[in-house]
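Two complexes come next, and they have one chain in common, subunit A, joined by subunit B in the first and subunit C in the second.
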Partner chain A sequence: MSRLIVRRLLVSLAVLWLVTLLVFVATLLLPGDPVRAILGQQATPERIAALRAQLDLDAPVWERYLNWLGGVVTGDLGTSTATQGPVNDLLGDRIGASLVLLVAAAVLSTLVGLALGTWSALRRGRAADHTVSGISLVIAALPEFVIGVALIVLLSTTVFPLLPSVTLAPPGEPVWSQPSQLVLPVLTLALVVTPYITRMMRATMSEVLDSGYVEMARLKGIPEKTVLLRHALPHAIGPVAQVIALQLAWLAGGVVVVEFLFRYPGVGQALIDAVNNRDVEVVQAITLLIAAVYIVVNLLADIVGILTNPKLRTEVTR
Partner chain B sequence: MTTQVAVTNALEVSELRVHTLAGSPVLKGVSYAIAPGEVLALVGESGSGKTTAGLAALGHFRRGLAPAGGAVTASPRDGEPVDVLGLGERERRALRGHTLAYVPQDPALSLNPALRIGRQIAEVLEAHGYGASGEERAARVAEVLGEVGLPADENYQRRYPHQLSGGQQQRVGIAMAFACRPSVVVLDEPTTGLDVTTQTLVLRTVAALTAEHGVAALYITHDLAVVSAIADRVAVMRGGEIVECGAAEEVLRRPAHAYTRELVDAVPDLDGGGGLPEPDGDTETLRVTGLSVSYGEHRVLRDVSLTVHSGECLLLLGESGSGKTTLSRCVAGLNEHHTGTVELAGTALAPSTRRRTAEELRAVQYVFQSPYSSLNPRRTIAQSVEVPLEMLTELPKAARRERVAETLDRVRLSRTLAGRLPDQLSGGERQRAAIARALVTTPKVLLCDEVTSALDVSVQATIIDLLCELRAELGTAMVFVTHNIALARHVADRIAVLRGGEIVETGPVGDVLSAPRHEYTRELLANTPRM
Partner chain C sequence: MTTQSTVFRRALSLPQAKIGLALTAVVVLLAVLGPWLGPWLTGYDTTGFAGKPFQSDGVAGTDGLGRDVFTRFLAGGATLLLYAVLATAIGVVLGTALGMLAGYTGGRLDSLIMRGNDVLLSFPQLVFALLAIAMLGPQGWLLVLVIGITHAPRVARVARQATVAVKDSDYIKAAQLYAMPRRRILLREVLPNITGPLMVELGLRLTYSIGYVASLSFLGLGIQPPSADWGLMINENRIALVVEPWGVLLPVLAIAVLTVGTNLITDSLASAAAGREKEVAA
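This part shows the complex of A and B:
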């Protein structure tokens, strides 16, 4: 088993390295000159040349790539061309803020999705099941900004003015100091991904509940709760983990739109600002970060798949 | 129904009716009773409702089924008889696994693949509060594993189901059922899918356990030969009703009901058969020389050689994993990764169908094991049968149509069925259609791969009769692949016994059955249940 996991880990590292290559090449191909973006149209040729030298833009491409990669590996994401400060300082707080959003939304949607899917599967064909299916289908069809706007209308403006519609915390103060401002963004993200998890869980669980070993467990006189938790759930988790991973990976990207909508000071906001300012270093850092989230989440799903499948688990001992 | 002494019965089912939720009847008033230590066999073909009747004994109904009257009375070892259907879910659960136990048909599907086997047995004991302590339960797990003839050590208990063979898995299923010392055990075709040697072991285990502990057993099966090996009494089911019930010996020797007689006659018998057409000539149609197949280190076939003459049928006998299907696939050109040669009437065939000529492809045809998966579900029977003609002949459309109709007549499939889709046909009709598809190109060699193992006995008998007739009429050389030696006299002229990828014995059917030379053949013959 450990050999299998190590192999997956190595593959993930290789993919991550490929991503650094792609990100670097892509920023090279971006139209626009960062030097011109910083200095404006009236800059003198001397100043442009000086800045180019300072930014190391005259060095060969492979050398710049290696310098950048070396920095990334040692945890130094370079210097922001826009603020002239280290990217690390710029993103530090924002990564924390986005992470809070992501983890809260992920935990909420996973728990609700698994529970709702299981509940629905147990009531297959009854009214409750049809209601869950119908509602989840409708929500799944709505894009995240529509859900966000609808929630704002419903919970922070005319109908029930309960929650702030934008993030109010002053810069420098951590976002979780005012938990009420987290509710709407987390709810929006959770609502976007929960329907997929629910539907997948319902389908997988239905299949598992019809299996021979669940029927056998019932015929052994095992209490229903144990049947569900010990015999059914472990077999449903493996396939559903793949869908959860895809959804969490989507969250890492979807956070950009939602953060913009709620003026939330996370990496999504930073990415939008950086693109506007031609802040290449920051764009590279954030793209790499989001890619890393994708890879880590998929790796975790694979590991869950391996752990819940004894055939894979015992492969080495055979 | 026969009258029973009510007090002593461990299980009594009376006038049990089960409906689908839509209201169509599945069981139409089924009654049976089993005394402690007695084995009642419930016999019937697929769809007769025997599994529903068995599960109802545990108060369990599958999705879409509901009880509609009747009573199930079970007598626990240490208590008053209870009406199972009158109980609530909680009380029923207390009986299941404790007083009423179940052994499923396919242990590969019914054992939880993610739990260690020791855990799965201990679980029943825990659920019913067997024993005072964990140690006592652990001791019982080890004891019951010993009773079914499995090793009881810690290491073995820590195995997962996929690390056991089919026979071992089934014995774990039996151990699970007997763990709490139940008074009634329902066994649902527990030996289907096991080879004969393992089947004998499992049957012995069941017989010993029921006799020793005074357990009433309901043994559901479609195999009458197994019935005579294990049952005290037999109940024959058809269309949701018990048509005949009585002592096993009595029912099998002197069946009273016409349907029972039909079933008994349809069972292939090692001694029966006879009257096979003589092979007409000695033209050698198929010759296989030095055929070997390996998957990596694993050698599936080792240096296999055989010949089949025109109009002759060779029974290729072997258990699962012996390489018999691989061999027939090599002959058909469906497995090109082999060494050795396959010759058709003296000319060597290419290893892959892609490099065989249309004429060669027409000459070698294949009928697959399951007619449920070998016919395209979106094509009508006539369309499926026409495909080989479209691909392999230059015949114009009208001539093809005519040939299809002729072939359907030949396999005695009514022309009205030609326009139907496979799922509108019964298993036997589908297999006839599959045979028609193979015969439509008038092949010189017909490969039949376990063609009857997915079918009921009575259907099996008609398919075998059909194949014998067709062989006599058309002079086709036939290779009949099977695991069931009892079919030998009914279909074949010669036998080749395949074991571990090698042919261990070959010869005329009569010689091999009456004087088997190889130990393995003798073992197979000894383990094949006879009626």
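This part shows the complex of A and C:
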């Protein structure tokens, strides 16, 4: 089993390396002279020369790639063309802010999803089950910003004016200093992924509850709660872990729209600004960062899958 | 193996498919006819000035530049729908071709295609689109192409799995015995037998495409001003959500109804393809 995990780890590393290659190659797509594309037509010759030197444009492509990769590996993400400061400084606080959002949404959606899915499976075919399925189907279809706007209208501006609709903390102050401003972004992200976790949990749990060993446990007279927690849950958690991880990895991308909507000072907002400013080094750094999170979370999911279900071993390595 | 027509018939007999079709049809009609209906109903065109900014004139008021919100709302769905359909088509065709080729051929080609997939799959779709837009600028063809490309590996996974499931069937073996060329086997023998899962993918990808195109426009990086577009309208009008909510609410509602509609159809197709119509939640 450990050999399998090591192999899966190596695959992830290889994918990560290819991702750095892809992110770097994307910058070569900048049309015409990249310095002109970044600075615009009014750029002075001095600025053009400075940026050329900064981007190392006179060196051959492979050398630039190696320099950039070397920087990434040693934790130096380059210099932002927009702010002229190191990308690391720009991202420092923002990574923390985004992680708060992600972790809170992940915990909330996982707990609610597992509970609702189990509850739905126990009431299969009854009204409660139909209601949960129907609502998840509707919410699963909605893009993040639609859910976000709906929540703003409902809880902030119009129906119940309870919560702030944008982040109020001044720059420099940590976002969690005013917890109320975290509620709507976290709720939006959680609502986006909960339906998928709920549906998967319901399907897996239904299957498990029909199995021989659950029937056996019930026939032995074990209390229903123990049957559920000791006998059913461990078997359901493996396949569901993969879906949870997929959703959490997805959150890494969904955070972009949600941060923009709530003007939340995180990595996603920085990415939008960087795309607008054509701040190439920042775009590279953030896309790489998000891809890395995505890869690591998927890796963890597969490892959980391998550990909890021996039958999955062959499928995972395919 | 269920054929295409029985999957469709079974899906359509489900109540949620009928609701989904009705919802989708309403928004599609609105989006297609809207650009013509708008000027005729309200007397304004999408970029003409109807009054002062953020006033309650007309059906739904004016936006931040004093343009008529209702006219812009009616005109705002056509491009979104077109881009979403094109992106879905690119993604499904490309993904199906790659997936069938990988699944049917196996071996080295299979590994190569699927590993390439893994690399593309390690970007969230929206982030990959943003990477491309940062380099090439927010242009229509780029949105369609990049969203289509990010769909392809996801469709390919499904197509590959479905192909692997049918490739050892007797009818495929018979075709191989007749020395039918590979392309013909894939198109004539494999493809018609994997339409079930592919239809589900098509619906799912369409729902997501609508979401992505609208999200990118909402971020200001998709369809560009002064075009009338639902995603862009939400971005332009959200500062006035308290005073003039219709500029935000109408487009949000339209996108919500459209995606819920396509998702309901997709889900009923999935139930029909899996042959579990009795178990489906109404």
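Keep this in mind: the second predicted complex is superposed on the first by the 295 of 318 C-alpha atoms of A that agree within 3 Å, B and C clash if a C-alpha of one lies under 4 Å from a C-alpha of the other, contacts with A are read in each partner's own complex, and residues count from 1 in each chain.
The rule we apply is simple: contacts are C-beta pairs under 8 Å (C-beta built on N, C-alpha and C of every residue); 3 or more make two chains touch, one makes a residue touch a chain.
Computed from a prediction, not measured in an experiment: that's the story for all the values here.
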{"item": "Clash or fit (per the criteria above) of subunit B with subunit C on subunit A", "value": "fit"}
{"item": "Vertex subunit A angle, Cα centres of subunit C and subunit B, expressed to the nearest 10 degrees", "value": "80"}
{"item": "Which of subunit B and subunit C A:V107 touches, first, second, both or neither", "value": "neither"}
{"item": "Partner chain in contact with A:R218 - subunit B first, subunit C second, else both or neither", "value": "first"}
{"item": "First (subunit B), second (subunit C), both or neither touched by A:T157", "value": "second"}
{"item": "Touching partner for A:A141 - first (subunit B), second (subunit C), both, neither", "value": "second"}
{"item": "Comparing the two partners subunit B and subunit C, which touches a greater set of residues in subunit A", "value": "C"}
{"item": "Subunit B versus subunit C as contact partner of A:R230, first or second or both or neither", "value": "first"}
{"item": "Partner chain(s) touched by A:V15 [first = subunit B, second = subunit C, both, neither]", "value": "second"}
{"item": "First (subunit B), second (subunit C), both or neither touched by A:V6", "value": "neither"}
{"item": "Shortest CA-CA distance in Å separating subunit B from subunit C in the superposed model", "value": "6"}
{"item": "Subunit B/subunit C common contact set on subunit A", "value": "318"}
{"item": "Touching residues (chain side subunit A, partner subunit C) in the complex", "value": "11, 15-16, 18-19, 22-23, 26-27, 29-31, 125, 129-130, 133-134, 137-138, 140-146, 149-150, 152-153, 157-158, 165, 249-250, 252-254, 256-257, 260-261, 271-272, 274-276, 278, 280, 283, 287, 290-291, 294-295, 298, 318"}
{"item": "Of all residues in subunit B, those that touch subunit A in their complex", "value": "55, 58, 60, 62-63, 93-98, 101-102, 104, 106, 109-115, 123-124, 127-128, 160, 162-163, 176"}
{"item": "Footprint of subunit B on subunit A - complex, ascending", "value": "210-213, 215-224, 226, 230-231, 234-235, 308-311, 314, 318"}
{"item": "Subunit C residues within the subunit A interface of the complex", "value": "16, 114-115, 118-119, 122-128, 130-136, 207, 210-212, 214-215, 218-221, 231, 234, 238, 241-242, 245, 248-249, 252, 255-256, 259-260, 262-264, 267, 279, 281-282"}
